Amino acid sequence: LAREEAFEARIDAGDFIEAKDWMPEHYRKTLVRQISQHAHSEIVGMLPEGNWITRAPTLKRKAILLAKVQDEGGHGLYLYAAAETLGTSRDEMTEALLSGKAKYSSIFNYPTLTWADIGVIGWLVDGAAIMNQVPLCRCSFAPYARAMIRVCREESFHQRQGYESLLVMMQKGTPEQKAMVQDAVNRWWWPALMMFGPADKDSPNSEQSMRWGIKRVSNDTLRQKFVDATIPQAEILGVTVPDPELKWNAERESYDFGPIDWSEFWRVVGGEGPCNRERLAARQKAWNDGAWVREAAMAHSRKQATKAQAA
Amino acid sequence: LAREEAFEARIDAGDFIEAKDWMPEHYRKTLVRQISQHAHSEIVGMLPEGNWITRAPTLKRKAILLAKVQDEGGHGLYLYAAAETLGTSRDEMTEALLSGKAKYSSIFNYPTLTWADIGVIGWLVDGAAIMNQVPLCRCSFAPYARAMIRVCREESFHQRQGYESLLVMMQKGTPEQKAMVQDAVNRWWWPALMMFGPADKDSPNSEQSMRWGIKRVSNDTLRQKFVDATIPQAEILGVTVPDPELKWNAERESYDFGPIDWSEFWRVVGGEGPCNRERLAARQKAWNDGAWVREAAMAHSRKQATKAQAA
Amino acid sequence: MTYVLQLADTCLIHAQRLGEWCGHAPVIEEDLALTNMALDLIGQARALLTHAGALEGAGRDEDQLAFLREERDYRNVVLVELPNSAASPSDGSGGRDFALTTLRNAAVAIWLELLYEKLLDSTDPELAAIAAKALKEVRYHRQHASDWVVRLGDGTAESQARMQAALAVLWPYVNELFAAPGVDGVGPAWKDVEAEWRARWGTLMQEATLSLPRDSALRTQGHLGVHSEHMGHLLATMQYLQRAYPGGVW
Amino acid sequence: MTYVLQLADTCLIHAQRLGEWCGHAPVIEEDLALTNMALDLIGQARALLTHAGALEGAGRDEDQLAFLREERDYRNVVLVELPNSAASPSDGSGGRDFALTTLRNAAVAIWLELLYEKLLDSTDPELAAIAAKALKEVRYHRQHASDWVVRLGDGTAESQARMQAALAVLWPYVNELFAAPGVDGVGPAWKDVEAEWRARWGTLMQEATLSLPRDSALRTQGHLGVHSEHMGHLLATMQYLQRAYPGGVW
């Protein structure tokens, strides 16, 4: 109990917690859940973008997309490693993902239907992710905070690349390309807003996380911040967002926006989104098809170890 | 021996042999080999054309190609049935094909690389097949002769459709389409000439087959006939054949043509053509993947029979 | 026009998937049957697309509609664009599962049969005529596919397990078969055939000793132009020649 | 120009197949490694295609060459266009076989390493510069892929069998790696690297406890523009956007 009080005091003082430090079990569990969920999101997130690697329209765009997806895989590895410092293993986390027990960001349960989706994912989805993650750079658990600093830096780069690719299409493209961009924005806008999670009043876990310094800013605050930052970008781009109620509120110095369809949010979280089945099936297949590879690698390294011992 | 003499006498008299009639073992074997080989060719022949069903350029062409491939499957079934009257089974024949023991026409070991190949296969490959098969309509074994009559009728239809599709491209198409047709002719011309088999002097089995009325016209004769019939069609089409030695011989009233690359012929027959491996692998995979289906169908019909008996 | 396109594209894309089987079926008889079904469906798609083009009045013929639209303008149900096997889920590639294809064939054939029956009374005489011709074809498809569903469902333990697994994959996508609205007098809302479809499907499942999966809340919207990730790959293949040889005559 | 295209297209198509792995590898580390290899190869292809375009002098840039040629104008070896799995042989679809992809990666990396080493002395300074930069990359590819070949060959009985089966599939296509003629001073005939390639490959096979299949008489001619049936499907996918949106700016 004394330890718990000391821990709380450290948190209150704005101290950072390292993996080797004592921490309450619930704090540890909350972090494992959040970090592994974040890692899973990076890995599952490779799928909708990977879907366009073979069809990227130019070699430059293909290279950018390959590099981006590679970064995401790297974030996944980095985050799995951060979670492992808390006493879980990658195999356990993988098992939780594949069995459906662990979640990943629902945004990746939407399909990438056109090339413009790739740009819009960079702009809106990475944009929302950054908005969510910047406060995590000050998360009380230091390894996660350090990971987030690196992740945010790379995500910002991806966001700018995505926005730039849309800008090219909107400013120099054909009417068909412009329509493609607008269509992609129409499909991704609401799911992007949902990325900040349920409204504060429906977000029961948030309070404890806030107290512990794992979460620093509330869902609705971040969502508002995202809308306010994004609408001017949309204007420069020359696209509209599919919200008839969106309008500038001079009093609040902020945009008002229409109600979110939470029934869709919960349906997708609950596993009935457009691509939930396929994303999970793809990861399961990769894992199952790869079993012989992983076994062979282990068998080979055992052989090498035996040889080394004998020598 | 008396039966053998009587058989020979019937052949000499131009009689047709039915499946129920007595026949020498060697005659039977020769026919089983030839008919099953012919059936296999129809079945394997579905693969290079099937390769373009998903990419046919118009719905009309897609429908024509689907119908053609369906006809080929039908020929295969019809010919397997004719071979079965000689006391072999479809499973035995299939096994011989999949193990590589039985042959099929080498022409199907060449790839279909462009849409024009589909037209050229109709024109040249079906054309050569018809040239080969018309004499078989008078084959001494009546079930085969009857099958050939039907097959030839449908093949002629395919040949005209193939030629017509080339004519459309050559007469109304873009320069790219015309180049595509010429390129396809360049690639299929020599393989088509090889479809008549080795030169007469290198065709040891032919003599016995001729004597028995299974084969009616020699390889070289048919090949010459094919060239003579085809060159005028090429001229109408506006394509050339890739043979610098081709020229009209006024004395023979026939075309002279250059030497065939028999080393290529034997390499492809021997299993080292461009697609031999893939054709066989495709058939093997279809057969293996389909095992559970065939087993289920048998199990179901046994169940039905048991029920019927019980009732 | 949208109503007609929803039917036309469903026939077209269904045929496209069937065409992938050519030369790879478990028995040659099925190579023929699947090809034949594809051929009938292409015929129906041609008639319906031509009619849709006429209704649109912008001079687009069957091929311009079939090959030169963008993905978001195709109105087929997602069910028919799913790959022939669920084994490679995300890239439109991969394998052929006879269980899945057989179940889908039966599901779509029963649905088309019910819709075409109602379309016989359409105030659009062209649509009624197309339905009358197509009805004979899809009745045969339904019979043939249903026979296979029963055979494979009530076959071996393995075949039943495969059918049950394929059914689990397809079932959430069936919801869309009852989603599109009707056009007064012209054609029924798809939900008007739902009760009868479910009744017939239930009977078939019973005969095939298969059990229905739990209903899913998935609501795909291919009929509104929102497809799965498989569609783009399918179209890349299907449209390739028309795209690569602009102005070509075939 | 043909000589440069033969290299450029081999890098390009090899990268295209590697790109299909993204998100589907046996371990995430390999998702990264395969993607990274694809990225390097795309970089090499870009440099080589740009150079080829300059040599041609018709104003075609890397993208016009990469996306807007017809199949018969691509000059890559057939080896790299083969699908990532031999399981679905005739339609370009189907699965990913890590054994096949690993062996192919090693085979191509050794080959590129040997060619690039010789190209350091090219009288074409641009080509020599490209080779110098690429050499570092393909050395790493060769090392990484070779490690996996050994690991999987000398791993479990299953992994060895899978490697041996994949080797049997690929082996006949290796012949083409030594088929193209050189250009005096500019670049070596491919057969000039054959002996060294075979020596290194033999060592690798020994270390991986794999046995070489019988040599095949197959002589594929992708480097002359005669491809396999897989190539058309690959190009339909790869070229789709450029074909469907003529005049687009990306």
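Lettered A, B, C and D in written order, each chain numbered from 1.
The working rule: a residue touches a chain if its C-beta (ideal position, glycine included) is under 8 Å from a C-beta of that chain, and two chains touch if they have at least 3 such contacts.
In this text, all values refer to a predicted model and were calculated from it rather than measured experimentally.
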item: If a chain touches subunit B and subunit C alike, it appears here; value: D
item: Result of counting contacting C-beta pairs for A-D and A-C, higher pair; value: A-D
item: Centroid distance [mean C-alpha coordinates] between subunit D and subunit B, Å; value: 36
item: Distance from subunit D to subunit A - Cα centre to Cα centre, in angstrom; value: 34
item: Subunit C-subunit D separation of Cα centroids, rounded to whole Å; value: 39
item: Per-residue overlap in subunit A, given as positions that touch at least 2 other chains; value: 47, 50, 54-55, 176, 282, 285
item: Where subunit D touches two or more other chains at once, by residue number; value: 20, 23-24, 70, 87-88, 90-91, 232, 236-237, 240
item: Contact graph of the chains (line, ring, star, complete, other); value: other
item: Pairs of chains satisfying the touch condition; value: A-C, A-D, B-C, B-D, C-D
item: Of all residues in subunit A, those that touch subunit C in their complex; value: 47-48, 50-51, 54-55, 111-114, 176, 180, 183, 187, 267, 270, 272-275, 277-279, 281-282, 285
item: Subunit A-facing residues of subunit C, complex; value: 70-72, 86-91, 169, 172, 216-218, 220, 226-229, 231-232, 236
item: For the subunit A and subunit D complex, residues of the former touching the latter; value: 43, 46-47, 50, 53-63, 66-67, 69-70, 73-74, 76-77, 115, 165, 168-169, 172-174, 176-177, 282, 285-287, 289-297, 299-301, 303
item: Residues of subunit C touching subunit D in the complex; value: 20, 23-24, 70, 87-88, 90-95, 232-233, 235-237, 239-240, 243-244, 246
item: Residue numbers on subunit D that touch subunit A, as the complex places them; value: 12, 16, 19-20, 22-32, 35-36, 38-39, 42-43, 45-46, 49, 62-63, 66-67, 96, 98, 150-152, 154-156, 158-159, 162, 237-238, 240-242, 245, 247-250
